[in-house]
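Heads up, the thing below is written out as structure tokens.
When the chains are written out, they are named A, B and C in that same order, and each has its own residue count from 1.
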Amino acid sequence: MAAIRGIELSKSFRHFQVLNRVSFEVKEGECYALFGPNGAGKTTLLRILATLHRPTSGRFEISGYDGLREKMKVRESFFLISHGSYLYDDLSVLENIRFAIGLRGGNPTHPEIKRALDRVGIGAFASLKSRHLSAGMKKRLSIAKAMLVRPKVLLLDEAYASLDERGVDMMNLYIREVTQEGTTVFITAHDRAKAAEVAQRAGVLNRGELRELAISELLTAHALF
Amino acid sequence: MHFFNVIRWIAWKDLLSELRSRENISSMFFFALIVILIFSFSFSLDPKTSKELMPGIIWIAFGFTGIIGLGKSFLAEVHNDCMEYFQIVPAPKGAIYLGKFVGNALFMLIVEIILFPMFILFFNLDVLEKIPMILLIFVAATIGLSALGTLFSALTVQIRAREVMFPILLLPLAVPIFIGAVEATRGVFSGDPLPLYLDWIKLLIVFDAIFMVVSFWVFEFILDY
Amino acid sequence: MVVSRLIAKLQRYEGWFGVAAGLLIMVGLYMGLVTSSPDYYQGEVVRIMYIHVPAAQSAMFAYTVLFGGSLWYLWKRDPVVDNVSHAAAGIGIFFTLIALITGSIWAKPTWNTWWTWDPRLISFAIMLLILVGYLMLRTFLEDKEKEATYAAILAIVGFIDLPIIHFSVEWWRTLHQPLSISTRGVAIARDMLIPLLLMSIGFYLLFAYMLMVRTQMLYLQHLLEAKRGRMLSKVHL
């Protein structure tokens, strides 16, 4: 069964058409990696899947729910890690997590949060105000949130951005673990070698059009675009 | 119960942030203080004319204060892209609106309650025994102003030139609140019997009700596509 | 998409609307300015009514179209409906300005002031502010869908607010200086009614004609931008 399905998705902003009839499918428990030059529309595609942008035309499904008509169901099934950290500067790490999960209707216990924070390596900073966190730590914090939410579909924008080497390995470990549990992961990335470690399928988005890739091509091709 | 939990979480977050930074309330307070000072220089008020002008001065001060505070309300949400999280979180958007509204109305009310003694002090107002009625007017007008202000704050926060657009959109629509509040306050100050200005308070309450409902309904379209 | 087809059909007949509007307005102006009798109280001054009243009616009608279009857009998300609302707002400003200016000119000889805190005047002034704010808001948004949605929200909230504004100002006025000036209850003679009616219908038709043309323009502009965007995405990078 397809966990994510895009059908003829197009998106244009005022002076620029970003996506041109993009269609693709990601199966349940699969990790799909999306590559492409800067400005190719990777983030736009991901943001459409995350119900942040309305596609100009076309439609999409997440976990079998229609992205335009069953938004609430779609939103219950995915979790997005994006450029924005969604943190409030004056709240502590712990409070930020409880707030973010609380809005989703969850109520994680203190030990649960602590365990997630320990796993991403920022357990020591639980009571620190989030304004003092570095970009990498904020990213780790987002991963901890995802661990607590346990979504059916995980959307990662620039999956490895601002993470250090150990952070990248931790991310890959986490992706491998959740895909084995049946979670579908959709990432955009630039680091081909790292993405190839976890991805089962890949695609290149260029000039608004999507081309499917074999994983072997990821490692051998001289230039993807 | 998710609905009420979301309201609680949002209001909790705003109040806690404010308690720690005191950014909103202090900037509103000092701004209003300056407005009062300028007014007291601009008009050399004897007790008789002050009774005539006071309601207008008070509500101009509170109105500007509201613009400062309400305009900043959603600024905290765009800082780390938290507006995005509001959009994709599976929570009723109306509840998010109400949560923000509760915080905004409380901040404005707190500032008004701190400022009012200063008006009494600076302008020698003799209104001590009418304070319950005045409080009622403050609450009724503040609810209306916050209801509209929260809506327009969210509407303008993501656009260019938001500092200009916010008052441009808010003030014309808030005309009935200002008329109602000024007239009711004038009635109290000049010692009129209640039936003479009760209609204005009723007008404020009707306005509150209409705009709470309308904003609650349209807010979904702001935070969503 | 039903609307798109309806508009395509209407646009085939837009010329007729223009011609009919022109004829009615010309006949109405001739009758109003030349053949109709002057008012018993106001004399020749009353003739500005033949422009003022129809302009005010068309302005209100424009805002009603804007309101309906905005609701419809939020419901169906048809971009053409958004073009209609966008067009109605711009034309609404045009008619509101005519109504305000002619009203002001009319007020000078009759009420001896250019401006008075009359509920209708204030409502119209605020309506003008809302419409200008509406167009400003639109220019500040990048995302087409977001632009249409936010603009629709503003139009709806503003439309609901207008009667409240009118009511509160009217109330406020009667409290402070009881209405000394009223245009209500003025009986209109037959030979004044006919040109007024002609002008009203003429202005409505003019509005409809302008709306069709402007909607078409906005729609084509939209297509052009989309096309340029597609070309740009081929050239760029």
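As a working rule, a contact is a pair of C-beta atoms (placed from the backbone, for glycine too) under 8 Å apart; a residue touches a chain by one contact, two chains touch by 3 or more.
Remember, it's a predicted structure, so these values are computed and weren't measured experimentally.
Chemist: How many steps does it take, at the fewest, to get from subunit B to subunit C if each step moves to a chain that touches the one before?
Modeler: 1
Chemist: Measuring from the mean of all protein Cα atoms shown, which chain centre lies nearest?
Modeler: If we average C-alpha coordinates per chain, B lands closest to the whole-structure average.
Chemist: Using the stated contact rule, I'd like to know whether A-C or A-B comes out ahead in C-beta pair count.
Modeler: A-B
Chemist: Please identify which chain has its centre, taken as the mean of its CA atoms, farthest from the centre of subunit B.
Modeler: A
Chemist: Please compute the C-alpha centroid of subunit B, do the same for subunit C, then give the distance between them in whole Å.
Modeler: Centres of subunit B and subunit C (C-alpha means) sit 32 Å apart.
Chemist: Indicate the whole-number Å distance between the mean C-alpha point of subunit A and the mean C-alpha point of subunit C.
Modeler: That pair's centroid distance is 47 Å.
Chemist: With centres defined as the mean C-alpha position, give me the subunit A-subunit B separation in Å.
Modeler: 39
Chemist: Which subunit C residues sit where two or more other chains touch them?
Modeler: In subunit C, 145 touch at least two other chains.
Chemist: Which positions in subunit A are in touch with at least two other chains?
Modeler: Within subunit A, the residues that touch at least two other chains are 53-54.
Chemist: Where in subunit B do residues touch two or more of the other chains?
Modeler: 225
Chemist: Looking at the complex, which residues from subunit C come into contact with subunit B?
Modeler: That would be residues 74, 122, 126, 129-130, 133, 136-137, 140-141, 145-146, 149-150, 152-154, 156-158, 160-161, 164-165, 167-169, 171-172, 175 of subunit C.
Chemist: Touching subunit C in the complex: which residues of subunit B?
Modeler: For subunit B paired with subunit C, touching residues are 148, 151, 155-156, 158-161, 165, 168-169, 172-173, 175-176, 179-180, 183, 199, 203, 206-207, 210-211, 214-215, 218, 221-222, 225.
Chemist: Which of the residues in subunit C come into contact with subunit A in the complex?
Modeler: It comes out as residues 77, 142-145, 225-226, 228-230, 232-234, 236-237.
Chemist: Would you mind writing out the residues of subunit B in touch with subunit A in their complex?
Modeler: 2, 5-6, 9-10, 12-13, 16-17, 20-21, 76, 79-82, 84-91, 224-225
Chemist: Which residues, counting only subunit A, touch subunit B once they are in their complex?
Modeler: Residues of subunit A touching subunit B: 50-54, 71-72, 75-76, 78, 80, 82-91, 95, 99-100, 102-105.
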